[in-house]
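You will see two complexes here that share subunit A, one where it goes with subunit B and one where it goes with subunit C.
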Partner chain A sequence: MNGLPATAAAEAAIEISGLNFEYETAGQQKVRALDGIELSIAKGEFVSILGPSGCGKSTLLYIVGGFVPFNQGSIIVEGRPLAGPGPDRGVVFQQFALFPWKTVQQNVLYGMEKQRVPKAERLERAARLIREVGLAGFEDSFPSQLSGGMRQRAAIARTLAVDPSILLMDEPFGALDAQTRSIMQEQLLEIWRSTGKTVLFVTHDVREAVYLSQRVVLMTKRPGRIKEIVDTDFEKGGEFAGGKRFDDTVEYIWNQVKAEIGASHG
Partner chain B sequence: MARFAATYAPLAILALLWELVSRSGVVSQYALPPLSTILAAWGDLLADPDYYRNIVASVLRGLAGLSAALVLGIALGTSMATWRSVNLTIGPIVQLFYPLPKSALIPLTIIWFGIGDSSKVFLIFLGCFLPISTATFNGVRGVERTLIWSAASLGANGWARLRDVAVMAAIPDILAGVRTALALTFVLLVSSELLISNEGIGFLIRIYGDGSQYPKMFACTFTVMLLGFLADRCFRRLSGHLLRWRT
Partner chain C sequence: MTGLRSFAVSLAPVLVLIAMWEGVARSGLLTPFLLPAFSVVIGRIWEDLLSGSLASAMALTTARALSGFSIAAVLGVSLGIVMAVSGAMRWFFDPIVSVGFPTPKIAFLPIIVLWLGLNDASVVAITALSPFFIIAINSHAGASGVDKQLLWAARSLGSKPGELMREIILPAATPQILTGLQIALPTAMIATLVSEMLTGVGGLGGQLLDAQRYADSPGLFAGVVEIAFVGTVLIRGVAFGRRRLLCWHSEGRAGATA
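Right, the complex of A and B next:
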């Protein structure tokens, strides 16, 4: 699987077509958040969604996660029409969303308990994941006792514990300092390469999007439409290592984003 | 040691003042028996099996009413916060009954359940049910949706999401409701026993009062105070444990 967009439907992890979405607000007014989204993501592909804040990135992710029901358009996930949330799509939220009353270990165990994974295996897998995300020794800490970076790693371990084939990530590193963030990006790439999971990654950071993903989906300001899909599947030295193609791509996308933000001011 | 002194010094001063005022004859010793007399009467009570029997009766009534309110209050509050139809049906009834002082229902509970345990338990249940269900409702309503969504994407079904996430996340609110309910339990328990009953600590207060055995009456009032203090201690312990994840 080289991660190029699938041509055959069977190869697609997520196929979105004709998706429109409006939020109902209190005053019977409707806020159009997404407009005519068409996007096909291949199995094992890493795709980022980039766009100005408020353009509907989170909304799109929530819809694919099955949390927010939609009624216009169609979404096929691994060959089946989307029907509610499920452990095939693991989600990492920007604000971590760890269960604050559970310890790190209990958080990581929760999904496996719901999946009825045998206890010995549960404990073993949790221990391994906690070690892999660098939280060994913090098994019994509550989220409130951890730093932002540690919470995010705990949240990722919790999601990976149920082994979802698709990862939906909503600005997962947005709240982290530059150094932690860079470490987390490497870990995510490592996980992606070694497991072949499909990743749909929302960010507003251009370098991050170009560095991590194979394709970057640029969205317009609200109501979010797909403005352009940029191929970023080339060899990258590192997020800050640059390289001509990397820098050119970042600059190109930056200009598109700036134009979009400018457009929103008139 | 210094902390111990700081905590108990004001109590000791109050006790001393009580003793002095009562002994000085400024007020009638019927209205305010000397503290030492009360303590002596309390000593007599402590040797009386009847005293314990009445305490146990009251404590069991309180526990029964409060537990029933806890179980059903959490269930109703969660249901109201989860299903619109339940909220639409029950919400107005809750709002109507909330401001009613539940002690006004004492005569009615007597007519329905007689003067024994059931009327007291029912009254306490009624009083505690609304604060607990309302607190649960608010807590569950305020649960962050990403917590529920996380559970859903980890494979939790609807029931598990309510039990494992919504109710758990509402625990700080529920505990605030329980604190109110606990205070109400004592008010309703003692007032209903005072008014009409055949056992319980409120019953003892009334018969000692009617029999002009004021030192014993005061000793029983102190007993209620002590029970309230102990209940509050237990509550703090429990909530400290349940909220240990907060820092």
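Right, the complex of A and C next:
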């Protein structure tokens, strides 16, 4: 099942090779969190990273985001070596990371101000995005006045406002209730299909990973290595009505994850 | 209306205390010299009000307290943030702040008077020194406790590292900076009053000192009531400012009190 799309090498959005990541604990001990990661993600592809907690999947995402310096290996983003964070890679955080002192509209405008988008266009684009994520009427609300789902919509609008070609999402729906989560998943798929953005999506939810993505990267327990890449690019009826192939894939991945969790306890 | 009612309810314990004071004073258990009746003290405050001496003393003390406090606020907040951002500044100032914070700053008053003389400058200087460390420590904690994902979010939206201070760290640390200022204000008031009493440069503290010299017991009690009034007004003022500044914060809308 470890097949890359044939054109991946030519049109890779993210090309990770030989990536190792170590950090030092308070007791000055070196801990290897990621080991020998090789992963190529094609432009426009939707890839999920799945693994037991503590396997380093979020760390991998934040390394690609440019926030966490890595020790060895190389990461090429759209043909250029990774150099710090940038608006080409939009990040959506599990805990939203909205600026609490700014209103929804001001949050969405922030990135466009940094990109020096002309004012009229800024306001127009912000209004459109806020409408599209279903927050019309809440432009002047502060994040503390919104529910979790609404906060995450605002955060997604803020990220989309700078039009990144790559979306890095760290368990973005992990803090939401089941209903809101399912609505948000549909919206994300719609955004992905209509914009053709590349999505790297970290989750610990097997059904979510299989439902949303074209490939699921399974990671081992620490030190995080890629255990297997599962092709999940087939027709799915829905997250809970996906059909036989969907259920078989979910079960297969579940067993792999369980084996990893079991191994970490043994 | 509900605001007015809750204000009246919160005033009730104070009224009970005043009634007890009046009752004990009139019962004859204590001589009027040891405990003048509240009504007598109010009469005294009224006289001071009419003569203009109360207004000038209050204005003097408030002006000294606020100028010293403002100096402490500007310097303390700046130092706290700089220490949060720069390792070198933290290395240099951390031990100084650790020693300065627990030291009773009023101990420096004789040295300050030696340098600056018996005047306003000394009072303002000790008023600035007293709350400085509390403000710096709280600002440092606020600025170094900023959620790193807020900084990451800003960076990924295109902020330069140099823009983070003003655009992210300062606003994110504002609640804790304001907490530091609120805790520090009474410290500044104490320093102003004690230094007024020790240096005899007038103001509410100076009045208190005079009342003590002339064995004027209604004057002593009137002074305490006046000081309590000024302190309460200033603290309420800072709490009001906090709510205005933190309208984005969930606490700001809940109507937290100081």
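Some notes on this structure:
Everything that follows uses one rule, which is that the second predicted complex is superposed on the first by the 257 of 266 C-alpha atoms of A that agree within 3 Å, B and C clash if a C-alpha of one lies under 4 Å from a C-alpha of the other, contacts with A are read in each partner's own complex, and residues count from 1 in each chain.
We adopt the following convention: contacts are C-beta pairs under 8 Å (C-beta built on N, C-alpha and C of every residue); 3 or more make two chains touch, one makes a residue touch a chain.
Quick caveat, the model's predicted, so the values are computed rather than measured.
On the shared subunit subunit A, the superposed partners subunit B and subunit C overlap sterically. By the touch criterion defined above, A:Leu212 lies against neither subunit B nor subunit C after alignment on the C-alpha atoms of chain A. In the superposition on chain A, no contact is made by A:Leu39 with either subunit B or subunit C. In the superposed model, A:Met184 lies in contact with neither subunit B nor subunit C. Once chain A of one complex is fitted onto chain A of the other, the partner contacts of A:Leu61 are absent, as it touches neither subunit B nor subunit C. 62, 65-67, 84-87, 89-91, 93, 95, 97-102, 110-111, 114-115, 142-145, 158-159, 162 are the residues of subunit A that lie in the contact sets of both subunit B and subunit C, per the superposition on chain A. Per the touch definition, subunit A reaches subunit B in the complex via residues 62, 65-67, 84-87, 89-91, 93, 95, 97-102, 110-111, 114-115, 142-145, 158-159, 162, 164. Here subunit C touches subunit A in the complex through residues 147, 149-150, 152-159, 168, 171-172, 174, 247-250, 253, going by the rule given at the top. The part of subunit A that touches subunit C in the complex is made up of residues 62, 65-67, 84-87, 89-91, 93, 95, 97-103, 110-111, 114-115, 142-145, 158-159, 162. Of all the residues in subunit B, the ones that touch subunit A in their complex are 144-147, 149-157, 160, 164-165, 168-169, 171, 244-247.
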